[in-house]
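Both complexes shown next keep chain A, but they swap its partner, so chain B is in the first and chain C is in the second.
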Partner chain A sequence: MRLELGSFPVTDIVFGARTRWQDSVLEIDARALLEEMRSDPRITRAELELARPGESVRIWPVRDAVEPRIKVEGPGVAYPGICGRAIDTVGQGRTHRLAGMSVVEVSEVLPHDAGGDYNSIFYDMSGPWAEMIPMSKLLNLCLLVEADPALTIIDQNDAVHRATLKLADRLAATTVGLEPPQREVFELGPVDPALPKVVYIPCLHSAQAMSGNGSNGFFCTTATYGLSMLTPPWPMHPNEILDGAITGPYRIATSWHLANNRILLELYRRHGVDLNFAGVIAVRTEWTTMEEKELMCLQTAKVAQMLGAQGAIVAWDAGGNEFLEVVHTVRACQRAGIKTVLLTSEDDPTGGAPTLLEPLPEADAVVSTFIGGSGYPGGSGPASSQMLPAMARVIGSPTRLVGAVRDEVIDVAGPMPPPRYNDTYGFGRYSGVEY
Partner chain B sequence: MAKALRVVHYVNHFFGQKGGEAAAGLPPEVREGPVGPGLALEKALEGRGRVVATVVCGDDHFSENLDQVGQQIMALIKPYAPDLVVAGPAYGSGRYGMACGKVCELAQRELRVPAITGMNEENPGADLFRREALIVSTGETARTMAQDLGRMVRLAEKLVEGQELGEPAQEGYIPHGLRKNRLAEWSASRRAVDMLLAKIGGRSFQTELPLPKFEPVAAPAAIGDVSRARIALITDGGLVPKGNPDRLESRGATKWLGYSISGRDRLTPQEYESVHTGFDTTLVNQDPNRLVPLDAARELEQEGEIGKLHEEILTTTGVWTSLANARKFGREMAEKLKLEHIEGVILTST
Partner chain C sequence: MIARELEKAGVPVVQLTALTPIPNTLGVNRVLASAAITYPTGDPSLPPAEEKQVRKQYLRKALKALQQQVEKPEVFY
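So, the complex of A and B:
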């Protein structure tokens, strides 16, 4: 499977009379594009605003961020399956991307039917929170989009995410027929057989636990070819992921993070250098019973063995319950003779509390990405008890409901604690250390 | 440093030149100026501080009554208004290590004075006091006293100046067992691949998170006769009376609540709901007995299968809850239920 990724850098976005990419500038005909978004009768609001790196801007609430990508050669579409898109297997041919920007889905639509759910993710374009997240280094074209609240939560999700993808498609389409200024070829070609075979095991939260009812499995949270339901371990070629085969938001992890997955790129760029990248096994988490969880872990280790893995990196998109699949996968791999590294964030250490839910002894090689939790004050970088500075401008809702039952109104532009931070895909340099 | 530090030194009977084992039962006393290793301590201070007083106490006397003797020693130290308290170093001596740990803990907490000690990592005092006390890691014997006091002084000066300490291995202290964030040299993804290749290649690597230890939880003895037992229902599934009048958090709970079920045979969706944000609450909100099985429990009570159902449901939200809070809730609930002579609990989670 050979994929050529052509990057079209975007150094500026301007609103104009047409939509085109030229000399690293993306010109956007907002009126025509928004008309298209609004042609879906479920959409009640669609507006565009631009946020640039370094600006005193807060974007809230962020539901997802999508890097515009389009397939110009080879089967399928970028971001397949989700919101009714084609499900052809992707990962071959040529894909174009607009680099250095994202389409940010700014919406009040809640992702789940879970009780008391709320959207807590936001981006600052400057200040300490901006320094922590890769999204704040991008030109963020914000689509402020809402759906008819009379619709089911599934339909609302579909409507707003479909609009976001439609916009990303239109923008990516400006590169069709153009020669990409930068190209990178991704192919798992034959390498020195002495190099160790390594697999990447991303553990993905399934929306099923939080939105089981009425969902047909195609739900707009992190989805594999559109499926977000609990599925057995799913072997994938890394090229599929570069084409957006795993996409859709889950808390702080967005479609942009998934398509630009740093762990995957690190392994890919070292393929043939000091390792042999044998593939990806996507694992779904938050099964109900311990037996189901253990079964998935054992099956994951089996698939890794079938891929000939000598080593594995296990990472996850963070939570509590889900950690059982994660750490038991580490154990299953280790017991199958596969050397395993766990990349994880840490829980709240207040009061000297252990920061890992279940410390199985097989998890003897851990990369810690951040110590989080509610109200944890320690260390470098903003923790949730430290206030972020006020911002001059808000993109999205000017006020936000906070407090135990979210009945206190606060000004979004004002000082605010940061959302819970996870570095699922290994972008940042943070690490938890003992002292 | 502009002003010379006023240092109070704590030593045991042996280093305080009171004698051998026979002196181990001596109560605390204070002496002006340095005693024994205090001379080496003053030398290590290189004129930037002086030992204004030395407290000496027998190891047996102290270790047999840590809290009380500790308070007496604080009373002896306080009049000297020190800028720094140095204890030991205690090396491999267990009783001395406990004493030094206690002195440091209390000096910081009660006198608000920076304190430092030194001992071997295997010293039981290290295990007991490393959370609170700054303990320089030493060998097992006093052969290296001069160097060890030098390391203690250098670290203590950082402490007094309020400087942030570096990592334990680099600064030479025994980790407190706490965690904090720092910026590493490389991204997490690169560190993960590097660590993996080292592990596969059999090369040395250092995990960034040594596995934490949990307190073992012993299973309680079985209830002899459930048909005579008082049983309570507890949930961490966020069950609240409709409208959440006491404002239980949807996630990151900071409290637990108790609600009377007196006179009720079941929980109705008109009266109860779940505010838990970690699962799809649709089915629970249709029938809250699916979360807290009051209906089934009442039947068992009527059939005599269980003695008596406790007339209060205890509830909290178990999602994004810090372990510190979870432990606190558990202890408080258990204490309350014990007072009410509850023998068994049915805890339904989500």
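So, the complex of A and C:
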């Protein structure tokens, strides 16, 4: 499987009379594009605003961020499966991307109606929160999009996310027929057999147990080819992920983050140098019984063995009980003779609880990407006592509900408590700590 | 964490949970395993009358576990 990724840098975005990419500038005909978004009768609001790095801007609520990508050669479409897109296996041919920007889906639509998962992510383009997230360094074209609240939550999700993808598609289409200024070829060609075979195991949360919806139509969280349901471990070629086969959003892990996964790219670039990248196993988390959890971990180790893995990197996206699948996968791999590294954030140790939910002895190689969370003074990033500064401009909704029962209304432009942050992929701008 | 604090205050605790490894990590002494994370005190896949029996069994097992001496964290089934 050979994929050529052609990057078209975007150093500026301007609103103009047509939509085109030229000399690293993306010109956008907002009126024509928005008309297209609004042609879906389910859409009640569609507007565009631009956020630039360094501005005193807060974007709220962020549901997803999508890097415009388009397949110009080879089967399938970028970001396959989701919102009724083609499900052909991706990862071959040539894909173009607009680098240095994202389409940010700004919407009040909730991921599902089962409770618990509220919109909680916002981006600051300057200040301490901006320092922690890669998104603050991008030109963020924000699509303010809402759907008819009389629709089911699944239809609302479909409407707003379909609009986001449509916009990303239109923008990426400006590169069709152009020669990419930067090209990189991704292919797992034959390498020195003495190099250690390494697999990457991202653990992806599924909201199926929460939402009670196991159908293909439910896609409001991390999805693989559009499927967000609980599935057995899924062997994947890394090229599929570069073509957006795993999409967001789930909290901090947006479609942009998943397609630009730094661990995956690093493993790829070291293929044939000091390791043999043997592939990816995407593992679903939040199974509801210990037996199911354990079964998935054992099966993951089996698949890793079938791929010939001698080493594995396990990462995860977010959650609580989901950590059991994660750490038991580490144990299962270690017991199968595969040297395994766990990439994780750590919890607030106040009160004497361990910083990992279940610190198994088999997890003997851990890279810590973050510690704490709100209120832990020894942690990474701003503590809850340290409010994020007020911003001059808000893109999106001016108010936000906070508090344990979400009964307090706060002004989004004003000082804001730091968001819940589990940077378990290591996407943030902080360095990791090795143990 | 609540279970641990209660025990510190001298009240013995049985924790009913599907996540049996976690209370062990945290030093909860008596854990009673239940069916699933999404319904720790019952099983909605059963008819109501049968589920009631399951709930009763949990309660009986929990009370029995409370009376048992344990040397280290133990999971009861």
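Descriptive notes on the structure:
FYI, the second predicted complex is superposed on the first by the 411 of 435 C-alpha atoms of A that agree within 3 Å, B and C clash if a C-alpha of one lies under 4 Å from a C-alpha of the other, contacts with A are read in each partner's own complex, and residues count from 1 in each chain.
Going forward, contacts are C-beta pairs under 8 Å (C-beta built on N, C-alpha and C of every residue); 3 or more make two chains touch, one makes a residue touch a chain.
Everything quoted here is computed from the prediction, not taken from an experiment.
On the shared subunit chain A, the superposed partners chain B and chain C overlap sterically.
When both complexes are overlaid on chain A, the residue A:112 reaches chain B alone and has no touch with chain C. With both complexes placed on chain A, chain A has more residues touched by B than by the other of chain B and chain C. In the superposition on chain A, A:131 contacts neither chain B nor chain C. Of the two partner chains placed around the shared chain by superposition, chain C is the only one that A:324 touches, whereas chain B remains out of contact.
In the superposed model, A:148 lies in contact with neither chain B nor chain C.
Once the two complexes are laid over each other on the shared chain, residue contacts for A:289 go to chain C alone; chain B is not touched.
Contacts of A:363 after superposition: chain B is touched, whereas chain C is not reached. Of the two partner chains placed by superposition, only chain B is touched by A:349; chain C is not.
By the touch criterion stated above, A:88 is placed in contact with neither chain B nor chain C. Shared-chain residue A:274: touches chain B; no touch with chain C. Across the superposed pair, chain B and chain C both touch chain A at residues 209-210, 321, 351, 353-354, 359. Across the complex, chain A is touched by residues 1, 18-22, 25-26, 33, 35-38 of chain C. Only residues 112-118, 196, 198, 209-213, 262-263, 265-267, 270, 274-275, 310-313, 315, 319-321, 339-341, 343-344, 346-356, 359-361, 363-371, 373-375, 378-381, 383, 403-406, 420, 423, 425-435 of chain A touch chain B when the two sit together in their complex.
Of all the residues in chain A, the ones that touch chain C in their complex are 209-210, 286, 288-290, 321, 324, 351, 353-354, 357-359.
Chain B contributes residues 131, 165, 167-168, 175-193, 195-197, 199-201, 205, 207-214, 238, 244, 247-252, 273-285, 319-320, 322-324, 327 to its touches with chain A in the complex.
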